[in-house]
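In what follows, structures are represented as C-alpha cells.
Paired with chain B in one complex and with chain C in the other, chain A is shared by the two complexes that follow.
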Partner chain A sequence: MTRLTGRVVWFAGSLLMASLIVFALLNLLPGDLAGVMLGPNATPEAVEALRGRLGLDRPWPIRYLEWIAGLFSGQLGASALTGQPIAPMIVDKFGVTFSLVVFGMFFAVAIALPLGIHSALRRHHADGVVVAGISQFGMALPVFVVGIGLSLLVGVRLRWLPANGYVSLGDSLGGWASHLVLPAFTLGLVQGAVLVRYVRSAFIDVLNQDYFRTARAIGWRRWPALLRHGLRNAALQLVTIVGLQFATLFVGAIVVESVFVLPGLGSYLLQMVANRDIPVVQTIVMLLVTLVLVINLLVDLSYAIIDPRLRTGEEQDES
Partner chain B sequence: MKRNPTLAVGGAMVAVVVLLALISVFWTPWLPTQVSTNRLAPPGAEHLMGTDGFGQDIFSRILIGARSCLLVGVVAVGIGALLGVPLGITAAINRGWPGRLIMRTTDIVYAFPALLLAILLAAARGSGSTLTAMVAIGIASIPAFARVARGAALQVLSQDYILAARGAGIGRRGIAIRHVLPNITPVVLVQGSVSFGLAILAEASLSYLGLGTPPTTPTWGRMIYEAQPYLYSNLNLAFWPGLFIALAVLGFNLLGDGMRELLDPTLREADK
Partner chain C sequence: MSELLRVADLSVRFGRSRNWAVRDVDLVIAPGERLGLIGESGSGKSVTALAIIGLLADTAHVRGSIRWHNRELVGMPDIEYSTLRGRQLSMVFQEPMTALDPTMLTGRQVAEVLRLHQGAPSGRARPRVLEMLGKVGIDDPERVADSFPHELSGGQRQRVLIAMALINTPDLLIADEPTTALDVTVQARVLAELRSGLAEAGSALLFISHDLAVVSQMCDRIAVMRDGRIVEQGSLTEVLRAPKDPYTAGLIATANLDAVAPGERLPVLEDFYDH
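This part shows the complex of A and B:
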C-alpha cells in the first residue's frame, strides 16, 4: 500500500471510530437521554413523549446508522426542542468561526515567525532570551483572560475597535472586519506564544546544521542563507505544528466567541449544551472532530510536497 | 539550583501554589462563601485582596481555588499517565501491528481536545461538574503520555542490558516493569509537569464557560467568570484569579523545562 492510500484508509477508519465515540458518550452512558434533556422537573409523560419523538425506544445501532446516513446526505437533522432544521444554522455559524480561525492563524504566524527566528539568531543575547521569556508568559495566560484584557483596553478604554459583537459581511465589510480583529488577535496571540517556541527550536536546529555553516563559509549572509536554505528545512517541522494548531484554534474559538459574543459555531454549541439539545450537540461535535481529522490528514499529505524525499511512495517506519 | 534557574523559578512558583492549598486546608481569613454587605471593597487590612460582588473575601477564595486547581491537575495527569504510559510501553515492546494499532488509536483520541470532551460529557450528564472536567482533561492527555512513553521506551529497549535481560530469560512483562518503567520515569515526569499546566488552563476555561466546577466551590476560572459584570468598574475582581492562574501554569511549564534541561544537559548548550 502506498503512503497516500494507507493514510486515506486510516482517515476513514478514524472518522468511523470518532463517530462511534461521540455517539456512545451521548447515547450509551447510563442515564435517560430524554430525562436529561427535559431536566429534573419533567413529568414522566413528557419524557415518554420525547423518547417517542426522538425514536429513543429503537435499538442504538439503528439510531447510529440513521445519524451517520443523515450526516453523509447533508440531512443534519433538526433541533429536538424547536424542530427547526439545523443545517442552515450551522453553515451560517461556521462562516463566522472559520473567518475567526483563519485570521487568528494569520496573526499567530505573523507574531511567531519573526520573533522565533529573531530569538533563535540572538539566543546568546539578552533580547533573544527576553523573547523566549515573554513567550513563556503568554503560554501561561488563559485565552479568555487575554480576550477580556484586550477587549477592556482596546475596545473600552482606547475605543479603537468594537469591544464585542458582530456585523455580518453582507451588511458592512468594514464592520465585519473591525469586529473580527480583536477576537482573532486574541486567538493569534495565545497560539503565537506557543508557536514562537517551535519556530525558535526549528531554526536553532537549522543554525547548527553543516549545510548552513557551509553556506555561511562560502559567503552567504546570515538572513539570505537562512531564507534560502533554512526556511524549507524548518518548515518541515513547522507544518506539523501549525496544522495541529489549526485544529486547536477551532476549539479555542469556542472560548473566544464566548468572550466577544460572536455568533459562531462555538457559541451555538454552548447554547445547545445549555438547552440540553443533545442531537444538535452530537452533530456539531462530530463536525468539529471531523475538521480536526481532516486537518491532520492534510498535514500528513503536505509532507510529500515540502519534503521531496517522501515522494517515493514508501511507507516510512516512524520508529 | 544555581546552574538551573528555570527549575528553581518553576519549582518556587509551584511551591507557592501548593503552600496556598495547604494553608486553605487549615485556615482561611473568612469563610470563602460568606456573603456580606461590604461589596467590592478594595484591597485593605480587613480584606487582603478586597471583596467581590457578593461581599465575599477574594483572598479566601484564592486560597480555596488553589486546592481545586491542584486537585484537577493531579486527577487529570493521573488519568493521562496511568493509561497513557502503559499503552506507550506496550506499543514499544510489541513493535509490529499491535504497537501500531495502539498508537493509531491514541491518535484518534487526539482529535478530541479536552474542551470538546468536556462539552460532550457535560451534555450527556445534563450539566458539567468538577468530575466531568477532570475526566475530560485526563482522557485528552492520554495520547501525549503514550507518545512520550513509547519514544523513551524504544530508546531503553535498544540498550545492551535489555538484550542481556532477554538472554537471562526475563519475559516482556518483567522487562517492561523492571527495566523500562524506571528508566523512562524522568521523561514521564517532564510530560506530567507540562500536562499539569495544560490541565490548569483547560479547567480555567471550562469553569469560565460554566462547564466545570459548580458555583458553590470557588475556582480561579469561575471567579473571573463571576467578575465579568464588574469588569468596567472594578478590575480587582478578575486580576487576582488571573494572576494566580498564570503563576501556576507558568510554574509547571518552567518546572517541566527545568527538569528537561536537567535530564539532557546538551539541551542547554544547543538551546540557549
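This part shows the complex of A and C:
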C-alpha cells in the first residue's frame, strides 16, 4: 500500500505544479487576452474595460481556482475569439489524436519487438547487424518526410489507402480505420525505429542472464525461451521507454496531423496558439500534461505487476 | 562396454581468438557412472560441459565429436538438440541466486520442465512437482512451490534447480560447481541430496569442481583438466593413490594440508614440476 499511495501523492503533486506553471506561463506574462482581442490600435481605456468584463482584473489566485474548478466540473469555458464552448471541440479532436497515438504505439511495438529480438539473437551475425543499422537510419528520418513519402506512394500512386483526410468513427468504421492506418503507421514507423534499439539491448541483457541459460538447459528453443522467460523481464525496462515515448508521440502527432490533414488536437492547438486564444490553449496544454502524467503513473504502477520483487508490503506474514 | 557419452578430440575456441579454450578432450561416460572433472578456473571444464549440452555462445567454434547414445551432437540442429535437453541430458549451474526466472513462481518453473517434454497439463504436474521438491530435501514443498525465487534461500533455490534437472529422470546430469556458491553446512546437505536423487533417477553424473574433496565424495572416476587439456583420468582411488601427472600430484598434496608437519612450508603446485 505504501508504494501505491506514494505514487498517487507524487502524481497529484506533479499535477498541481504543472497546472500552476501552465497557468502562470499563459496568464502572468505581459500581453493578455484583452489586448490580443482588441488589437494593437485599441486605447488603454478600452482594453481596461474589456479586462473588467472578462474578469482579468481580479487577483490571479481566484482566476486560477476558477479555472481548476471548471476543469474538474467539465466546464471548460469558451473560446475567447468565437465565444463557442470548447468542451465539444476538444473532445472530438482529442478522440482523433488519441486514436492516432494509440495505433501509432501499436505499430511501433509491433515493428520493434520482433525486429529487436531478432537483432539481439543474431547480434553476432550479418542480418542482426543489418537490422540494427536500418533502425539507426530510421531514427534519422523526420516524421514529415516519412508521412509525405507514404502518402504519395501508398495513397496517390498505389491507391491502396486514402492519401489524407478523415472520416469519423460514427459515420463509417471502415472509413475511419482506413484513414487512420497511414498516419498511425507513419508515427509508428519512426517511433518503432527508436524502440528497436531499446528492445535489442533489453533482450541482449536477458540473453546474458543465468535464467535464460536455465530455460535453454531445460529444453526451450531460443525464441520460446525468450518469449516465456525474457519478455516479462525485458518489459520492466521497455515499459519505462514506452511510457516516455507516449509523450513524444503526441508531439509527433501534431506533425502527422498536418501532413495527413487530420482534424486532431495538434493542428487545432497550433491554430489556437496562432490566434492567441489563451483559454483554449491553456486547457489543451493542461489536458496533454495530465495525460502524460497519467501514463507515467500507470508505468510506475505496472512495475509491481511485472516484477514480484517490487510487490513489497502487500502481505507481511513472513519474518 | 555400453556407453552413454563419448567425447573425442573435442576442441573449442571463441570468436577470432587463436587460443583453444578446450583442446583435444576425450571423455567417456557409461550409464549411471559418475565422472568428476576437476581443474582450476579457466582450465576449460565449464566450456567442455556447455559443449556437451550444446549451449556454447554463438561465437564458439567446435571441432571434434560428441556422441550421445551413438548420435553425433556436434552440429545437431537446435530443434533436435532441444528435445534432448531437460529430458535425457540436463544441467545444474553454479549460481543458484540468478538461475531461476525472478518473475515466475518456482513451482511453475519446475512444472514447465515436465510439461515441455511430457505435455502434462498443469494441474496434473503439481503432485509430481511437490514430490520431486520433497525428494531433493525441501521440507515444505507446498510453500516453496508457491514462492517466487527471491523469497527462497540460495540452498533452497539450488534444490529447486536440482529438482528441475532430475524430474524427467535424465540419463546424464551435468553439475557445474553446484555447491560452490553455498555455505559449507548447506553444501554437505545438498551434495547428499544430489547423490540420493541421482541414485533414484539412475542418472549418470558429470560433476565439475575445483574442489578435490567434493569430487572424491561424489564420483567414481576423475578427469583432471589444465589449460584446456585433460592431463590425467582414471578411477578415483587409482588417481588419488598414484597420480601420473605432476599437476594432479600437486592438487592432491595441496588438498591434503593436514599431512604437513607443523612448522614446515606448505606445498605449492610448482613443487611438483621438474625445472
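Going forward, the second predicted complex is superposed on the first by the 290 of 319 C-alpha atoms of A that agree within 3 Å, B and C clash if a C-alpha of one lies under 4 Å from a C-alpha of the other, contacts with A are read in each partner's own complex, and residues count from 1 in each chain.
The rule is simple: a contact is a pair of C-beta atoms (placed from the backbone, for glycine too) under 8 Å apart; a residue touches a chain by one contact, two chains touch by 3 or more.
All values reported here derive from a predicted model rather than from experimental measurement.
Chemist: Looking at the combined model built on chain A, do chain B and chain C fit side by side or clash?
Modeler: With chain A aligned, chain B clears chain C, so fit.
Chemist: I'd like to know which partner A:124 touches here: chain B for first, chain C for second, both or neither.
Modeler: In the superposition, A:124 touches chain B and chain C alike.
Chemist: Should A:216 be classified as contacting the first partner (chain B), the second (chain C), both, or neither?
Modeler: second
Chemist: In the superposed arrangement, does A:269 touch chain B (first), chain C (second), both or neither?
Modeler: first
Chemist: Looking at A:306, would you say it contacts chain B, chain C, both, or neither? Reply first, second, both or neither.
Modeler: second
Chemist: Between chain B (first) and chain C (second), which does A:2 come into contact with in this model arrangement: first, second, both, or neither?
Modeler: neither
Chemist: Scan A:233 for contacts with chain B and chain C and give back first, second, both or neither.
Modeler: second
Chemist: Taking the superposed arrangement, what is the smallest distance in Å from a C-alpha atom of chain B to one of chain C?
Modeler: Minimum over all C-alpha pairs of chain B and chain C: 11 Å.
Chemist: Which parts of chain A are in contact with chain B and also with chain C?
Modeler: In the superposed arrangement, which is not itself an observed complex, chain A uses residues 124 for both chain B and chain C.
Chemist: Report the residues of chain A in contact with chain C in the complex, numbered from low to high.
Modeler: Touch list, chain A to chain C: 124-125, 209-211, 213-222, 228-229, 232-233, 306-309, 318.
Chemist: Please name which positions on chain A make contact with chain B in the complex.
Modeler: 10, 14, 17-18, 21-22, 25-26, 29, 31, 36, 39, 123-124, 129, 136-137, 139-145, 148, 152, 156, 201, 204, 208, 247-248, 251, 254-255, 258, 269-270, 272-274, 276, 278, 281, 285, 288-289, 292-293, 296, 319
Chemist: So in the complex, the part of chain C that touches chain A is made up of which residues?
Modeler: 53, 55, 58-59, 78-79, 82-87, 90-91, 93, 95, 98-104, 112-113, 116-117, 148, 150-151, 161, 164-165
Chemist: Given the complex with chain A, which residues does chain B contribute to the contact?
Modeler: Listed in rising order, the residues of chain B that touch chain A are 95, 104-105, 107-108, 110-113, 115-116, 119-126, 154, 197, 201, 204-205, 208-211, 221, 224, 228, 231-232, 235, 238, 242, 245-247, 249-250, 253-254, 270-272.
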